[in-house]
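Next, two complexes with chain A in common: one pairs it with chain B, the other with chain C.
This part shows the complex of A and B:
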């Protein structure tokens, strides 16, 4: 009984604040402790990425102090120094912008390109669908990391090229997701109604189909950023991403794992922790978003 | 039957009880996979380490020096004009396949290396197995070669006639490339000989498991110091840290390719010992002289003053490195002790740049076609003895350069591509180095500077230097040659032809159970003296 009463109270309370779907989803999101944790972590990293370059000037090209190399964490260097005597904390903070920027922008490109292709395929069907989805299937047939490595190996290492490679391998997921959303939605009554009322195809797609297929895409975007961070780190680790001396998490890890045997744990621990934390944050947020945006799950 | 079984049991028990048991196998951890095992066509140290166990040459290097001592040739004579060499071969030596080693076999080997119409030479070259070192050490093939005749003048006497005297001739012959192979086996296996090597060495080839290990077995009939272990396994462990892990775990008994920061780890481990190879290696930075900016000597001088070599050597070589002032390492007899190196001074570097017209610093270069492009500083993707951690060293040097106003972009590529680009003169500014093969200054200087304007050397054209080096090659009195090589180093220094950064004494780590390992400056040690307790 109590639960029923609680649910009714909750519903009434929600009703007081106006029950828009977005508001409802947000309310459900912040109600979950997992999501709050994810949000905090993600917000922290985003903040660091945005603020660091504004408040601290760093020239990676001239940064080296061989006299102070491999200093363990101290007050002056809270995360210690690396093999060239560079402050690891400073480089990690500046690397956040590089690594996160790479991940976010590659996912943004992939999401826009991928879902446009998916909408086109789902709406136009026939040959367009066939050809587009065939291409996506080819891309999906390769393990994503391997494909990204192959692409960068072909067009040359560097930040811009790894951005391109990560975007490319992330496109098929969006194409598939948005296509299936269109296919499911176009049979729905409200779409049929809109069409029979004389709405043009383009209008129906833009104002009915696209907005209604956004939730799965939003969830996917968050999860993709986690994947892209790992991907960027993998490319950096292999020396295919950011070129030295640009700080980037994967490259920092690659430069330092060799010190495992000589006991300088701090050189690889902190970059590794940064990768792990950020990926964890985006994954938690993504999972929570999935729950929050799925109306079928309901409350309780 | 029962009795002998019991006797065996007792014998085994007794053996176990009598303490330090002699292990039957020596396992060495290598940095990679051998290319192949035909010594005549390889150039890399990973392959040559293995072929040195299987093959012998006419002569070899003594202990940890590059002095020459007899091997398959027991003694030799040279004519007064230095052109005719007569070698007396050791008797009763057989290749592992039973073929006797005689004058005919040695002559056959020389002809395979030297004559482009020799059936096996032609066959191998067609398949891309080229005799690079023969070409480099003896001037080329057929008529181009400094060798004009090789003949058997008795069953065990070989006479080699040269067109001109060649001072480093014996030292050249002691290189791993000129180890003698069984003619019968080469003919039998053809292009596959590199996978089925047959020589006269202390160990014979058993098996090569690709990407894992090469297994060798003691040759009981070996003419020299009999092997102390029954088997040698050379295991391929690419990663330096992983290899050290295998050594600590007792899976291997010895290894090369130590991370500089692991030198201290090995020193402090009571079960391990650290051995250093005598220095015979120099790492350098080379300019491409097609780049307009590098044609100005003041710019090159600015580079020389900008880089803090001492700080780099102190910090990044694990205590085994030395500051290089010239191309030859200090162990060579042509080394110039009087030479005064460039002093480290970023201010002086800036001043020189300003004088050269780059008051704002240098970050772009002009190619031959007049187009501006960013100044790319190429660094090696692979660790070599002269630059054990090339990326770190490159970053440190680039930071030094940047502090003096020279802003470079670091870039690397796969090792084989890197070497190829260098060979074709496509790298504007790059790091590389050299490990000596035979202890002769000629092997350092002439290989690089005897062909002025070569694309391989970044089109560096110093004709006076080349003339001097070619003259030194033909002299036979060492003191006179040494004087010319010292002069050559001074010329190279005055012209800032190249920036010499560091020499290294490449460290080896061995288990304390392994005894008798003699480190060699060429990097290829003989394993027959090694014992594992």
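This part shows the complex of A and C:
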């Protein structure tokens, strides 16, 4: 954790130096305890995801110890063992990379595709706008979780298909956000000025409109990752995501949840707690970012 | 109002058509030959050809879609590939269980979420507010299948006070007339069955209510704070009204309008969340059915249920918008 605190302090110092909008936003962000809590949780999970595979070898295919099935938490197995006698803590740590990686990469795809579509719709307007936004309305007519489940049920279970489904259901929100940002920005004086100075449409979009619509997109990305972790876990829980024996939080719950009647609470408690804690971290951070990136709140 | 109602209602038609195109395309998302995938490796070529012909997979796409929409309009959602039953019949038979669960969840979410949101707004920045906000944020971060498992484990296994699955105890003999067990039991005056059904409903409803409850509480807080900063509230306060009167009589009703929209939007989340909740609690609604059908590769059921749920969501959103326009005369269609 020392590294996290150090990184945060370093960045704060960097924010102090220049009075740039980014620096201001960062100062507002770390001033709030909610944001600091979110940052610490998110940083901790990201660190676990990055470090675990480097410092610990794990082969899910050979991991089994039937002599130690369903052992409650002890010193040797702090989170207990599952139905195959596998150490839950070890699998949880390795699952972090899978679960978080799935969520982050699907949101990255959705953010790029969705905002590009939205910028196009808002900039070109007319038929392009109509058609694109109609497609988004169709996607939004489905509850996101249902659409993701149905798509993976059709194309087949697995991580890559989950990635596709979660990206697809996350696209509409970006398209809508970036489109409304373009529509609002194109009426602003500085955009009109850039256009009347002879700036080409493409240049104005890329150098004025896109950078200025980033704040809401950044906030949305944080919140989308929280949502994507939940979606990924739900798919894994239904047996549609990562396939056994790959460790993934939702799949770990699915492996052994039926044993809850025997009182083996640790098999589902820890994977679920990891899901909730990471989602909470991203939600806290997203909420705090929204406040920090809103310049209208100003300095009080 | 009438103009708005007509125009808003008409927007539903293209959306439903688009939804049907998407659901229709599901079958073509199946990699390889859908008929072969459905029947498995050991299917005879004759059987595969029969299923292909039955699904119309040998025709051009636009014809396939036309046939699909034609059937849907006549209430034909296809037949279960595994059991051969019409999808719509099974769907309607199982739907009441889901409606019962979702209704209990949304009632719970409203009954707890609005008071929590009001308390949070009225005592802004107090300890009540902080706790309520933290709780709401935890609620929206909750994997509901995990919460359901924890509830089932704690109340069902550890304390042994509540059942952890099904709608009625195995010893309870009851022949419901409509499949709305609670409604039927109440109408028939069968109190032991009613009590048993309610006991079975508590945990799944609690799990399913978590996220809507948190969202409603947050929305109520934000909306009430916004209304409380308006001029007419200052006037009401200046008249010397008590804070209770200002909040309850002047602010709350206006603040609840956006909450109404949020409640409408929750219906989709409830129906999707039912897949997870029903799986945990063996609740025999459409959610559990979809889960079982995915495992059995019964694509027709997944397709039919998706279309059904999406259509409900579209219609509920329409109803919410119309209701909103009815209670708020400022809404105009542009």
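One rule holds in what follows: the second predicted complex is superposed on the first by the 280 of 300 C-alpha atoms of A that agree within 3 Å, B and C clash if a C-alpha of one lies under 4 Å from a C-alpha of the other, contacts with A are read in each partner's own complex, and residues count from 1 in each chain.
The rule is short, and it goes like this: contacts are C-beta pairs under 8 Å (C-beta built on N, C-alpha and C of every residue); 3 or more make two chains touch, one makes a residue touch a chain.
The shown structure was predicted, so the numbers you read here are calculated from the model rather than taken from an experiment.
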- Overlaying the two complexes on chain A, which is it for chain B and chain C: clash or fit? clash
- Message: Looking at A:276, would you say it contacts chain B, chain C, both, or neither? Reply first, second, both or neither.
- Response: second
- Looking at chain A, which partner touches more of its residues: chain C or chain B? C
- Message: Going by the contact rule set out at the top, does A:239 touch chain B (first), chain C (second), both, or neither?
- Response: both
- Message: With both complexes superposed on chain A, which partner does A:24 reach: first (chain B), second (chain C), both or neither?
- Response: neither
- Item | Touching partner for A:261 - first (chain B), second (chain C), both, neither | both
- Give one of first, second, both or neither to describe whether A:83 is in contact with chain B, with chain C, with both, or with none. first
- Message: Which partner chains sit in contact with A:63 here, chain B, chain C, both or neither? Use first/second/both/neither.
- Response: first
- chain C-contacting residues of chain A that also contact chain B: 239, 257, 260-261, 263
- The answer for chain A against chain C in the complex is residues 134-135, 137-139, 141-147, 149-151, 153-156, 226, 230, 233-234, 237-240, 250, 253, 257, 260-261, 263, 265, 268-269, 271-273, 275-276, 279-280, 283-284, 287
- Sites on chain C touched by chain A in the complex: 14-15, 18-19, 21-22, 26-27, 29-31, 137-138, 140-143, 145-147, 149-150, 152-153, 156-158, 164, 268-269, 271-273, 275-276, 279-280, 290-291, 294-295, 299, 302-303, 306, 309-310, 313-314
- Query: What part of chain A is in contact with chain B in the complex they form?
  - Reply: 59, 61-64, 66-67, 69-70, 83-85, 157, 239, 243-245, 255, 257-264
- Residue ranges of chain B in contact with chain A within the complex: 240-241, 244-245, 259, 261-262, 264-265, 308, 311-312, 314-316, 381, 389, 391-392, 394-396, 398-400, 402-403, 407, 409-412
